[in-house]
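What follows is one structure encoded as structure tokens, with my remarks underneath.
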């Protein structure tokens, strides 16, 4: 019997729990040469801002031990071109896709949310609540429960689409922050975004990134991500989407085991553009092997 | 000309900036078979508590990508046996050593600090302010500026030794926390301690650590550690001791470059018990190569 | 620049040989399930060493591809060990698996008839220059090769010559004078430009791959004499196929500049567009 | 248990050979700067593969050490590929460097005269049992060897026999009956215990290394007949020389239990002390 891979994320049901993470999968179409992108549970597209953005100057990526730092600075085509050029092609491809949005101010977030809301085929909005360049006293929205709560409420009231709030791991108490998002009406939380890190060259005495600091991703951060997902799953009753260092089906299953409803695959797409599909097939094979009827029989079954 | 490797940590001058990190170097004597332990800038001994402690049940370490999780649970011989059995041997070895202390309550910290203060040969006290099992509402002392401030002040008033406060990286704003320690009289801050992480077995559906969560260390965390040290160096004027994923002289130099006055080597001691000495010699070779007269000419010279 | 990116695939391969050639180069041949066509200048993202450190695949120019009718198909690379990734690669052995995403990027544009090509390779840069030479030889185009290195032993070994009907005129240049022209390859090119008529300079296209300083210097020389130039740039890459936006360089765009991906809009760019 | 830990060193070595033997075992020989003495049951922490993943060194029992008077000194290990670390190790080649911290831990106590030893190795456990057999053979002690595995092809290959004047009586056991005794090695031992007199059972010392279930079962059998037993335990290790406290197991300590380090107080423990 074929196990049931579909999962519910609040009102949204997706065909399987394997999604691509924002910023690591372009606008989805870039992966069409590799596989049929409609097979994914969802594609979360590159972060969209109101206006097109050039991003940071070169010196944007550095490899670290089992990880990488990026400081892309959200280079993107802007919401208008996304709607005009990308959406029709995603529709043609039959893809389930999610808009990851970002703004310099709460007003901008709201505006981007409003614009993408009119897209019929859009499955959900993921709010990148961990942007480092915002008003509120230089601190990220994502760093305080109040900030997350306000931002979530604001996006929530400006759209009918499911709202996922993507959380920053650079906080003292991820559980409280997730609760704040849930309390303000988020349909799901996705975590983790990247850990803030830095790399320097001890000979030239310069930072390796033009932006000095960047976001750490990849297998190096998996233990932290898994812990945070586990913590949040015990704190909130909305679905949790697990992200961070997932490279294999086993990694993805670990996140489902601690309670995640779905996972997103990020950095792994770079080394292996087939990673998402291999993970999807690996999960299915595992469920068969263990004679489980579906994801729901496995999810959150960690024992002590 | 031999470069001057000595560095000042407030009133304490040490012969070089290379120290061993607490919990990864035993009581120091364990490394005597490998090299003369008096060569190190300082040895920070395994965390000491008031009473001997059995630590956590087995299932204490897990390897992760370029890192490891530990949940030793501070198994240690207790302050009394340390003073009676270990101190005389460290003195015989001519080692510069620091007591890393830990308590379940502020009173316990104070008591341990008081007891070790009577040891003439003790160079400093390092306060492990990132213990997960404390009073204050289940939150670690180390997670709030108030907690750190109170703990620092308390230890400060109970000893004449230099007080180093060791900070947890699991916080939203490490700069503010470091400032709190400085404000409360710390002579130096050491960072980072481990990131809280977790590992599970997707087949047995069990956590890999008996304690479920553990502390992530090793090269995987170096980018996060370096960023935090850089941030703290720009916020406080007391010396900063850099810790996290240091394995080579180049790694150590990176921390000095962003402003650290000294470094501690942790997990690297496990794979290579000669790591500290190789790092020390590597730093000296680098200074020669660059024709620098000493550490002070290099420290904090990161340009943009 | 020529762009046949449509054929890009994730290809599981198996190492056929991986041997040192000369003092600093390795030649790597990998068997692949199907014939691999590429435009000179295109590259592959290569990975396969065990563990997650280093994590990212490494870009290597496609050097040669071979296809025996009913036999094995292979692709070849030439590389130099400069860091951990290439060191790990050099330790891998025949029979071991290797994954490649390829062909990637835009290669050299060899399309226009009647032009004269100077192919300039600095260091291991010959790895994308030789395939261009082979292609030009097949087209019976007018071309010459300039190869530069620090010293004789760092020039491409004999057995790694371009494959094709005509070898083309090869100018060797060494900085220490141990072989060929005594000096930098850019100086050799500059000197030779001086002997060109204005008419032939306007027919000249330089195709170059090598250190950034070399490319910059050549771009100035080309600009000054009215020649065209295509430069193969390098940058750190995470994905190699245009999705991470990590590999951008600033290119001229009207009055200002725009960030272009070396892996997608490049690696070969019109030298006049590059902000050197 | 015998404890000569004083000689512990961090030793830079170079691989001399690293070859598959039989279906699942590898034999690794590494040249070292000076002769290495060890007590059977002691081990080394081995590392040297490139990169930081896996990060930690791997514990391997010291299988043999060789010292040619004016020639090379080497140490040997026998291992089975079970995960990434051992897979990486199996990919390493002669000439490559390997670092070892050794000798570590407390080995088997072979000290008492007049005793009868049964050496039991389950799976790759023979790697610490054979050195004990060799030592006992030199002492002309009374000993027999029991080797267990799932199937014939997983028994130690012929060429990996203990080195010594007398081979000792060897009982092979396979769970699928493809060689020797049909059944688990513990059952073979239990059956043979039945034929012992009470007097000889009290002279018996079992030295065992293998899966935990096997050790537990043997410990019960030994306890029941009044024999002694020394069990070589395994655990995940970070350092291997007693400083990380990661490898502890619970051992009986008066009324309660205490945490003892497998790498330091072990790996060989008196079976009665272990909380099975």
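Per-chain numbering from 1; labels A, B, C and D assigned in written order.
Throughout what follows, a residue touches a chain if its C-beta (ideal position, glycine included) is under 8 Å from a C-beta of that chain, and two chains touch if they have at least 3 such contacts.
Computed from a predicted structure; not experimentally measured.
Enquirer: If you check the contacts of subunit A and subunit C, which chains show up for both?
Expert: B, D
Enquirer: If over half the contact pairs have to be identical by residue number, which pair among B-D, A-D or B-C is the repeat of A-C?
Expert: When the residue numbers line up for over half the pairs, the pair is B-D.
Enquirer: Would you kindly say which chain has the C-alpha centre located farthest from the C-alpha centre of subunit B?
Expert: That would be chain C.
Enquirer: Round to the nearest whole Å and give the separation of the Cα centres of subunit A and subunit D.
Expert: Whole-Å distance between the two chain centres: 48.
Enquirer: So, what's the distance in Å between the C-alpha centres of subunit D and subunit B?
Expert: 36
Enquirer: In whole angstrom, what separates the CA-based centres of subunit C and subunit D?
Expert: About 53 Å separates the centre of subunit C from that of subunit D.
Enquirer: So which bits of subunit B are touching at least two other chains?
Expert: 65-67, 218-220, in rising order.
Enquirer: Please list all residues of subunit C that touch 2 or more other chains.
Expert: In subunit C, 51-54 touch at least two other chains.
Enquirer: Chain contact topology under the given definition, line, ring, star, complete or other?
Expert: Graph shape, chains as nodes and touching pairs as edges: complete.
Enquirer: Tell me, which parts of subunit A touch subunit D in their complex?
Expert: 65-66, 219
Enquirer: Going by the contact rule at the top, pick out the subunit D residues touching subunit B in the complex.
Expert: That would be residues 6-10, 45, 47, 51-57, 99, 101, 235-250, 258-259 of subunit D.
Enquirer: What residues on subunit A touch subunit C, complex-wise?
Expert: Result: residues 23-26, 30-31, 33-34, 46, 54-55, 57-58, 60-63, 65-68, 70, 72, 75, 218-220, 247, 267, 269-274 of subunit A touch subunit C.
Enquirer: Using the touch definition from the top, list the residues of subunit D that touch subunit C in their complex.
Expert: Residue list for subunit D touching subunit C: 49-54, 84, 87-88, 91, 93, 96.
Enquirer: Touching subunit B in the complex: which residues of subunit C?
Expert: That would be residues 52-53 of subunit C.
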